[in-house]
Amino acid sequence: MALTIGVDVGGTKIASGVVDGDGRIVARTLRQTPADNPEKVAVTIADSVSELAAGLDVEAVGVGAAGFVDETRSVVRFAPNLAWREEPLREKVSELVGLPVVVENDANAMAWGEYRFGAGRGETHVVCVTVGTGIGGGIVFDGALYRGRWGMGAELGHTQTIPGGVPCGCGNQGCWEKYASGNALLRHARERASADPSSAAHMLGLVDSLDDLRGEHVTAGARHGDPAALEAFDWIAGWLAQGFADLAAILDPGCFIIGGGVSGAADLFVDKVRAGYAERVTGRGHRPLAEIRVAELGPSAGLVGAADLARSR
Amino acid sequence: MALTIGVDVGGTKIASGVVDGDGRIVARTLRQTPADNPEKVAVTIADSVSELAAGLDVEAVGVGAAGFVDETRSVVRFAPNLAWREEPLREKVSELVGLPVVVENDANAMAWGEYRFGAGRGETHVVCVTVGTGIGGGIVFDGALYRGRWGMGAELGHTQTIPGGVPCGCGNQGCWEKYASGNALLRHARERASADPSSAAHMLGLVDSLDDLRGEHVTAGARHGDPAALEAFDWIAGWLAQGFADLAAILDPGCFIIGGGVSGAADLFVDKVRAGYAERVTGRGHRPLAEIRVAELGPSAGLVGAADLARSR
Amino acid sequence: MALTIGVDVGGTKIASGVVDGDGRIVARTLRQTPADNPEKVAVTIADSVSELAAGLDVEAVGVGAAGFVDETRSVVRFAPNLAWREEPLREKVSELVGLPVVVENDANAMAWGEYRFGAGRGETHVVCVTVGTGIGGGIVFDGALYRGRWGMGAELGHTQTIPGGVPCGCGNQGCWEKYASGNALLRHARERASADPSSAAHMLGLVDSLDDLRGEHVTAGARHGDPAALEAFDWIAGWLAQGFADLAAILDPGCFIIGGGVSGAADLFVDKVRAGYAERVTGRGHRPLAEIRVAELGPSAGLVGAADLARSR
Amino acid sequence: MALTIGVDVGGTKIASGVVDGDGRIVARTLRQTPADNPEKVAVTIADSVSELAAGLDVEAVGVGAAGFVDETRSVVRFAPNLAWREEPLREKVSELVGLPVVVENDANAMAWGEYRFGAGRGETHVVCVTVGTGIGGGIVFDGALYRGRWGMGAELGHTQTIPGGVPCGCGNQGCWEKYASGNALLRHARERASADPSSAAHMLGLVDSLDDLRGEHVTAGARHGDPAALEAFDWIAGWLAQGFADLAAILDPGCFIIGGGVSGAADLFVDKVRAGYAERVTGRGHRPLAEIRVAELGPSAGLVGAADLARSR
């Protein structure tokens, strides 16, 4: 079976890899993202692809990028970190590399990767939630990636959790990602640490000042038993559980997958998400419970997913 | 093209009709629902079908029923108004009538009817919200009805709108249907009328006591300018708009359809729903706005939809 | 010590009593309220007083009434159940009976009665919350009844508990009394009973239909272990606890008193209120916990309080 | 009339002044706070007082400090910024300076200063809300400062605004100060600026990075018309209005005073607070509207208030 290339375009790095039909990465390359120059991003993607494709039988290219991608998987309408506006990325890259190209939202690509080769194997209806700075999402229904009418579906982090709640960068208030993301975890830990440093002794020992506290310190604090850190994980677990219950009412998936940076500490909170979900999902007692799983492919999920989507384009 | 029969099983009536390939009802029958005897319901459905099918070329039967229908469209797992529990309705009716049968959730059937022959014509991604006593839903994606992994998707009324909010019969608190349904409309109008009868003069003139107030009186009050009634419609319009914004973040449909009993008064609130949706949907300014339409098929939507689903089974 | 007379003006009855300096009722009378004729109410009050005062050394009269009473304790500005608007009740009654009169909001009178002779004895800072159909309040600070700048303080039931929450007759949304009153208890029990009658078996056996369910049935259901009833009591207990925590942040009282009709079933929920309060009050660990007590004077609290306020006028 | 000395103990500075009976400061001194050594703070206070008192007829000393002060105005139970725990400050300072001393919570002292000589002159029932990093409060009832049973009243910033809302340093969630303080203003402006830098052009021109943004920049941005800054002020105005409406339901004051650091920009938001309050206060239409005023004494309010409280001790 022919190979495909997956490209994951981040705000600082462009990771590319040659992927075979079983989702294995057989070659890789990594470049800096020329983030201030959207024109150069296409060229850098093309260079990465050309370098990897040399001498191989590569069939197509899949590019995953943070942003709104149109329903034809061609144009990036809006990418906050890359200054793209109505960027015809598919056409540009395809001309430069002479191969078919598909463009996909990065969280969608990640969800597809996990569905095909990771935690979602064997399921047909999967909701993947990437918990990082914010919350992204990807949805697989009946074995197909769901994009919506205009390619803007699965923006799961921007459903309203609390009317009148915390303002969100998207212009709304009380969005789910303000309560259940890595930033929410950090905000909670900082508040508690500031009010009662004794509850955050280990964490605070790792940094010079509270401003320097990052998610990794909260994780370390939780592993050492800092009450402030444990409480912060419980907090996001509760809101993740509530969000999953709401998504199940709408989508009734067979499983949820928790991915993204915070999933690296999933052992600290996934059981609480499962318990909270079981207590809150509507129709409980009359329905099977969706499984709640942790992503398995790590940071490569997007690259692998994009490559596989190119294969089945 | 052959005909199919659609059956809409309600708590008090069973409505059946012969439907052609264009969604036209060419014959009808209506019977009482023997609601206290689940066994007799299957027999009554079969009798209706046999009566209608006599002498016609009927290909298949579609049955819509309020309740959780399994993903194979065969078994009604739980139907609150009909005392069905794990009822193998497809098999029972099929044996009695000698035709292929599919069973479908009633809100799904209604959504399909509107998608094929009503307000959703020409769209590929449709979310239909039935606003009655509670809120039901049906979702069409890429031209296919979405059921979820276990047939329990699109229970849109039971997503959480307000944490810690009004208790719901489903066992949760703050469900959307507690804020945006016909019952919510009535509750709001009663509260205002009780506190300030002068704001509800027309409505109160129609009933002996506040306990007798029904949705039709609130509608009449609104048409006569009762402030309490107008405010009640504004209230559900605001929460419908918020719910649509959240659904768009997840599903990105091309249009929403408002159906159900309250949609008969849609002229009193649909413009406010549209305006509220446009103000709240995430990514506004970077996405086309989904249309918000009013259902066109009225109470027949479920019957027509069930018949058509039987055709494409 | 001379005697005083207290009058409690309700929507259906006017209860009057002669009260001694120790809060003992030494004589009583009860009359129908001519509720549709505000003029006759003053006359009926005066008749009751004259009848009771005959042959006794009565010093003054205190009248408690539901409504907004001005800061001079003379005029009832607005009384929803009695059609009083800017009613100079003090002057009218005083002229008719030839004694000094003070008028007081009924929940204030009740709080004063409990403070002086009931559950609040020995405390100097008391917040009394009357939990009935709605929620009323009375506040005693440093041994004095608190009325506010215009006599409208202590309307505790109309603080906002949930932004965008249930509409209230006062014109706002999400008022505390919508979540923690007897009506809230009943609403919760009805919702659960409707959704799952088996969880409400005892309650439902007491009534012909769900519409007939009243607070007394929920209490009986809870005593027999109906899960729907127990859950309803837990629900109001949680919201009472939260409201007390908020009031403590503002008022820092030495004790709270739970009065009103629902307090007759206080054994079913007061421990949960105490536990919830202890978990939620700000500064916990650095402050003494206010006691949470149950009212002791029952329905006579208002009459006794009004009489005593007349004494110390 | 004799003079008194007021001392305002902050986390970085100790401001002291000699105040006459009309609230005029006739002499001042300012020292660094030895914040890491609670013992030295008392000595520094005493030194300031002795220096100022030399040669004057000083009657008493009032000390205002952030923290929980007991109901006898003697002991600081807990002061987050000064490491005081059960500190007998009154006794210590009194012994060192040989004068009567009273200790008061700083927000209480500020409220008293404004009541006596600032924006509250002529009122008898005043609620003063200091809007800075967090929210503090002071309450004057019937011309007396309200302290509560244990000296912990008027912690207005820690009432719950949103159930399940933003975690607060006090250990609760959704506290008012998380939505209506200077920090809330800043958080809102940062979110909007991050999502849409063009809406924050002036603000962002004043700082190197978003992390450096401070309240003064948001104020400057608002004055230059940055939409992100204007929206942030509107947001806190709305939550201040809601909080005032809730406080009026409980306390019915004649006026509210907005003080604290954010009150320096009050012209940008106070009209919105007034309008929002008028729309939300319960009983509107049946009650006079409390005035909403801006503090007049600036940063000296606490010192002046503490001095005056010493006079009337």
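Each chain carries a letter (A, B, C and D) given by its place in the written order, and its residues are counted from 1.
By definition in this document, contacts are C-beta pairs under 8 Å (C-beta built on N, C-alpha and C of every residue); 3 or more make two chains touch, one makes a residue touch a chain.
Molecules present, by chain and UniProt name: A, B, C, D = Glucokinase.
These figures come from a predicted structure and were not determined experimentally.
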Query: Looking at the contacts, which chains touch chain B (Glucokinase) and chain C (Glucokinase) alike?
result: A, D
Task: Among all other chains, pick the one whose mean CA position is farthest from the mean CA position of chain B (Glucokinase).
output: D
Message: Using Cα averages as centroids, what's the distance between chain C (Glucokinase) and chain D (Glucokinase) in whole Å?
response: 34
- line: Distance in whole angstrom between the CA centres of chain A (Glucokinase) and chain C (Glucokinase) is 54
Query: Of all the residues in chain C (Glucokinase), which ones touch at least 2 other chains?
result: 162-164, 170-171
- request: Would you pull the chain D (Glucokinase) residues touching chain C (Glucokinase) in the complex into a rising list?
  value: 68, 77-78, 123-125, 137, 139, 141-142, 144, 146-156, 158-163, 170-172, 175, 242, 245-247, 249-254, 280, 282-284, 286-288, 290
- prompt: Can you list the chain C (Glucokinase) residues touching chain A (Glucokinase) in their complex?
  reply: 163-164
Message: For a test of understanding, state which residues of chain A (Glucokinase) touch chain D (Glucokinase) in their complex under the given definition.
response: 80, 162, 164-171, 179, 187-188, 191-192, 194-196, 232, 235
